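In the two complexes below, chain A is the common chain; its partner is chain B in one and chain C in the other.
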Partner chain A sequence: MDVLALAASILLARPPMEAILSAAALKPFAKILQTLNKVGEDLYIQARVNKLVLSTVNASRSAFVLVTLQPAFFDSYSAKRNADDQGPIRCHVLLKPLLNIFRAKASTTTIESCRLSLPTAITSTATDQDRLIITLHCKHGITKTHKLHYAPTDPLTALYTKNACRNKWTISSKLSHDWVNCFWHRLEEITLGCGRDYMRLKSFSEDAQAEDPTSRSLQTELQVDTNDFDLFSVQHDVHLTISLKDFKTVLSFADAMNQPVSAYFDHAGSPIIFTITQPPDVFTADFVLASLRPPDEEDDDLGTSGGASMRTSQQAIPSQQYPTQQQQSHPTQEPDADDDDEVLPSSPQPQRRGIHAPSTGDVTHVSATPFRDEEEVIGPTPPRRAYE
Partner chain B sequence: MAQDAFLSGRSTANASSHFKGKLDNVRSLVTILKAISFKEKANCVINRQGIQFIVEESKASQARTQIRESHFREFLFPRSRLGSPNGDDSGDIDSEICFCIELPTLLDCLTIFGGTSAIPYSLSTGGNDGGQRGHGGFFGASQIQDTQTGGLGKDRDRVAVRVICPLDGDHLSLMLEERGVVTECRLTTYNPEALTDLFSTFAEQRMVSKLIMKSDWLRDAFSELDGTSDTITLHISPDAPYFRLSASSLAGDAQMDYPKDTDVIESFHCLHPIENHYQHTLLQSCLKALSLSSKTSIRVNEAGFLSMQFMINVNEKDIEFVEYLISPIADWENE
Partner chain C sequence: MRLKTKVINAGLLIKMAVSVEKMAKRWIWHFSPDYIHFIVGKQDISTTMQMFGQIKADRMFEEYVVESGFGNNIWIELTGEHLVRALKSSQQASNVAMRLTKKEGLPVLALSITNTSRTGNCVFLSQDIPVRPLKWQEAEDLKQPVMMDYQVHILLPPLTDVRTIAERMRPLGNHITVSANMAGDFLLKVETDAVRVETTFSGLVNPELDPGHCDVSQQPSLSRDRQSLAHVRVDIRDFVKFLHSSVINPRNVVCCLFEGQGLILYVYLGEGTDADDGAFVYYVPMRSQ
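Our next item is the complex of A and B:
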């Protein structure tokens, strides 16, 4: 037994995943982690043979970020399939402690190289099992080793196809980075209004829908000249309402990376995808943000009018928590049931359609079961207020 | 300065029974007090050597700092004890004023004019480690500082302080003067707290290892350690890995190795390998002092007690030390 294990350890001496980052790549890497941390709490890692995929999703599952790091991003990158040939290595770690390692002000200036590795049971000692090992080689021969616990998990992916979107635009981050600065800092949502020849950013609040004009809060609108765009191709009028915080995250990431930001979208209620890419083939970051479904369309979809506002339904929420709503909304749940199979599992915000797969076109990723159980996912999300 | 005459005029009223000290710049006092202000109350001891402050945390760690007599512009400790005005010299060698004082209140009084910037002097002069940190905020800060202290502006923003205290330590009077504006503060004192004499206990045991390292590297190490870890382990040995800091937390383990003979570790002495465990919370209380300092001397004795001495450049020429003494977790194996 021991001999066998030894033989195996020699064969598999190389860890299943090993990536070495140079000092120059550390800053963008830290920025990527910071950006992911603004959206979610967990970092899902997929070590594929030809790329490292990092992703996260927010608690309400309305925003999903997927960063693909190509081998060119690293000094060296190698990954092999799982020992039992179950496909690429997949695991998740908490973002906060990971970020803490790279956050220290001096770390980006004193680190000479950084090695990330995921050992397996065979290649490592008992204490190193299920750890993401980060070795920082600093100046003056100082070595810092961090071993973070990880949990094996199924990959978390959203279903979206950028190419199937009818509308897209691309703009330099130099022009887009201050778009949101003029909006009230506590504003939660923003409406992107696009048409053939215009683009407007407008503050969105539920109060504005109310009949009583005195309850309306401050409205802000920003008009962007379509000539500013590198590419602007919008087929019809679209008004997408998305979270301002997530939108800010996208714009500040593009600004930090100094790369243009591209948007792909279809219609209100379907997700908008922002992409920031560093050519040639260094990394790609996709931000998939759910957009708010307009109230009128909601009615159409459901074929009911009165029940629509109560469609918060919380299908997946244990009935003891929201018994009343569960009952009331029951008849209107059915139309959404099919939808839910495609969206990220158990999207808790039925007002948003969630991250949704188009019926046609090639799907880049398949959906999978989330690592956490349903109750945990749903629990902390408050039921969303419906339009009355 | 006319105001000075005013100050001294007031304080000479009953010179014999009061301690009087004058600092040209209150900043040095503020800096060292900030370095130990992790607790509300501090014991203050005034004797012929200077003014000393001691703070204790759960009888397991202590911080001590002092401004030496030589750093004062004026330092007048009454030659005789209270009640024996013309007593013999031998009697008052050990005489000292001892009381307990609230640190936040004292700091509030001393910074009443503001202006005592939070930027420690060592950082504001910039480049104390070969420019490795010479970026961003620190550069900006150093430029501002240079213009403030340069030329004639040097004395302008300086706040002088006169400390007056009766021999029984009944109260503490502070007179602060900035550009002719004088503020007088009178602070109530408390009876001194009974402290364990950790410092002399520490000195009784043989020193096993001693090293001096750059403070900013140590600070980075502490900031990288996860806040959820309960204990921090210090491993010092004459051979590799020489100096190792490690901690485990909910998220995982961290370990940092520092080889000797580098720019980071200036001197390294170790008799035999030692490994001791310390409470993270106790170590955290020294973070303020650590971030103000430029160099740190780390000593560990046979019993595992850890002494960290922080060298703080309080102004252009003066250096003050803040010393922390932390007891190890005894009986680690049984934890």
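Our next item is the complex of A and C:
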């Protein structure tokens, strides 16, 4: 009995999540945190059994970042299932205190290794509960321990599927990171115009028509040779307008990680996904950015997430999860052109794509918000989703 | 009106644009058949600092065409930040073409830039700078003020040195007194109730005057007692602004002192004092006690 109790306590003594980072991994880790902080304030952590998932979303919910750190990123990584629901452990912390801990300059020189852990109620003292513990083993025998309070909330995630995007390209970060410098730094939005054999970046501004020249901004257009791309597969003309600041964040992250950047997109108004990954299986960062709905779309489909489903019926792509499909159809079903917006299956589908919010008037300020609370009850929903 | 040209010396144009941008957010670009001018300010110099820059068009442009109903002069007002950003993206370009045109009904200065990416492929870039063409009446006000008969003229020490000193003096007071004589001495002084700081540069050159520009026999600076100092008191912020603005060639700067009126500073961009290679003239008004 004693031996069993001892064994049980040893097993339980291992924290539900433990990750150890070597000194070399600290710099990319710090960079990932910095980049997440450029987008949102909170860090959502999902400690899955086989990977660590970090994500954040911005305040207007028009940008979402998901970083998957595989075990190869760490010296060691282990995570147990959540005792309550057998799902991954989930919590969220503020990014700012984390950034202070992992400030890039200090970390590369003084820290030798770092341990992240989420303790359980059994193994920890009262003060350790609900805390993310970061232990830094530094030079000269110094150990710094930080305990960050976390809240075990359910994270907001964007559900998206890259495979269903009809268009994609990949380019080396060395070529792409220069693009943004040509543009006026206070510009808010940029339009990516792609076709079968062209790729253009154009400044987007609504004040171009203003009479007062002092309020008009610099208009820039950059045409990139498609031969510069490692991969360029665009089926039709697409013009996507996205936030310049977020686009810059993506490109500078790719440059910092020295990895190519890939883009997956379909049509204007639907989100574009930028992916940076370190092969073979070290980390993957997905940036899901909402795009403006083009002004020539009808504004009176307020009662529907209409544009999407109408397009679906026109395209009629068989046995493929169309990315903007409003209905949640089972992956093996074909998108049904007659599907009503209200009809939804009873089981939640993991690959559901974004939702269009209706645009208001002539101003195309509305971004497609591809977000859905993960724990939201799936059932008949009203056809129009209120824009948050 | 028509303006079309190829830009051959983008680097120099960028430096000039940066200098002007440090003086004011919006300024005027004047194109004439032989010269191009940069203008900040108006004719009344008694209250505000002004700057006039000029360079011979062929130092910067090729295949230059300027046509208008005003003797082929065109004046446009623009925001310096836009021009600098547009030009900076053309630094490594193989070809830069500029023309005045209308996009969506509004006047812009359109630059078409051809860059080469690392892979050797061409990257085409177009930058449209929103501009406002000036009417003839507005342009008439923009002549350089005529100031003659200065008491002293002297070639300044390297501006980087002057800048270090002046920036240190800046927190001490609102005004700085600039003094110089025809024997190569140049002084900067800040004086308040609490403190007096003075820096002297000696052994400087008083340049010879070009007889083609003025009647040498009439110049008071030449008939003056060489050791006698002339003093001009100016706003220290104006002086520091001038120092920040003249980033291009801090070696050839001539300072002319007009007691009772102000300072005129000539910054020459070329090797000598030939204004054709580019020159900026700064008018800094005097501030009385």
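Basically, the second predicted complex is superposed on the first by the 275 of 388 C-alpha atoms of A that agree within 3 Å, B and C clash if a C-alpha of one lies under 4 Å from a C-alpha of the other, contacts with A are read in each partner's own complex, and residues count from 1 in each chain.
Heads up, the rule we're going with is that contacts are C-beta pairs under 8 Å (C-beta built on N, C-alpha and C of every residue); 3 or more make two chains touch, one makes a residue touch a chain.
As the structure is a computational prediction, the values presented were derived from the model and not from experiment.
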Name the contact category of A:Thr220: first (chain B only), second (chain C only), both, or neither. second
Kindly classify A:Asp228 by the partners it touches after superposition: chain B alone (first), chain C alone (second), both, or neither? second
So in the superposed three-chain picture, is A:Cys182 touching just chain B, just chain C, both, or none of them (first/second/both/neither)? second
Could you look at A:Ala59 and tell me whether it touches chain B, chain C, both or neither (first, second, both, neither)? neither
Quick one: is A:Ile20 in contact with chain B, with chain C, with both, or with neither? Answer first, second, both or neither. neither
Considering only touches as defined above, state whether A:His149 meets chain B (first), chain C (second), both or neither. first
Which of the residues in chain A come into contact with chain B in the complex? 93-94, 96-97, 100-101, 103-107, 109-110, 127, 131-132, 139-149
Where on chain B is chain A touching in the complex? 132-133, 135-136, 216-217, 220-221, 223-224, 226, 249, 251-259, 262-264
Interface with chain C, chain A side, in the complex: residues 174-175, 178, 181-185, 208-209, 213-214, 216-225, 227-228
Could you list, by residue number, the parts of chain C that touch chain A in their complex? 26, 77-79, 81-82, 85-86, 88-89, 103-104, 106, 108, 117-119, 121-132
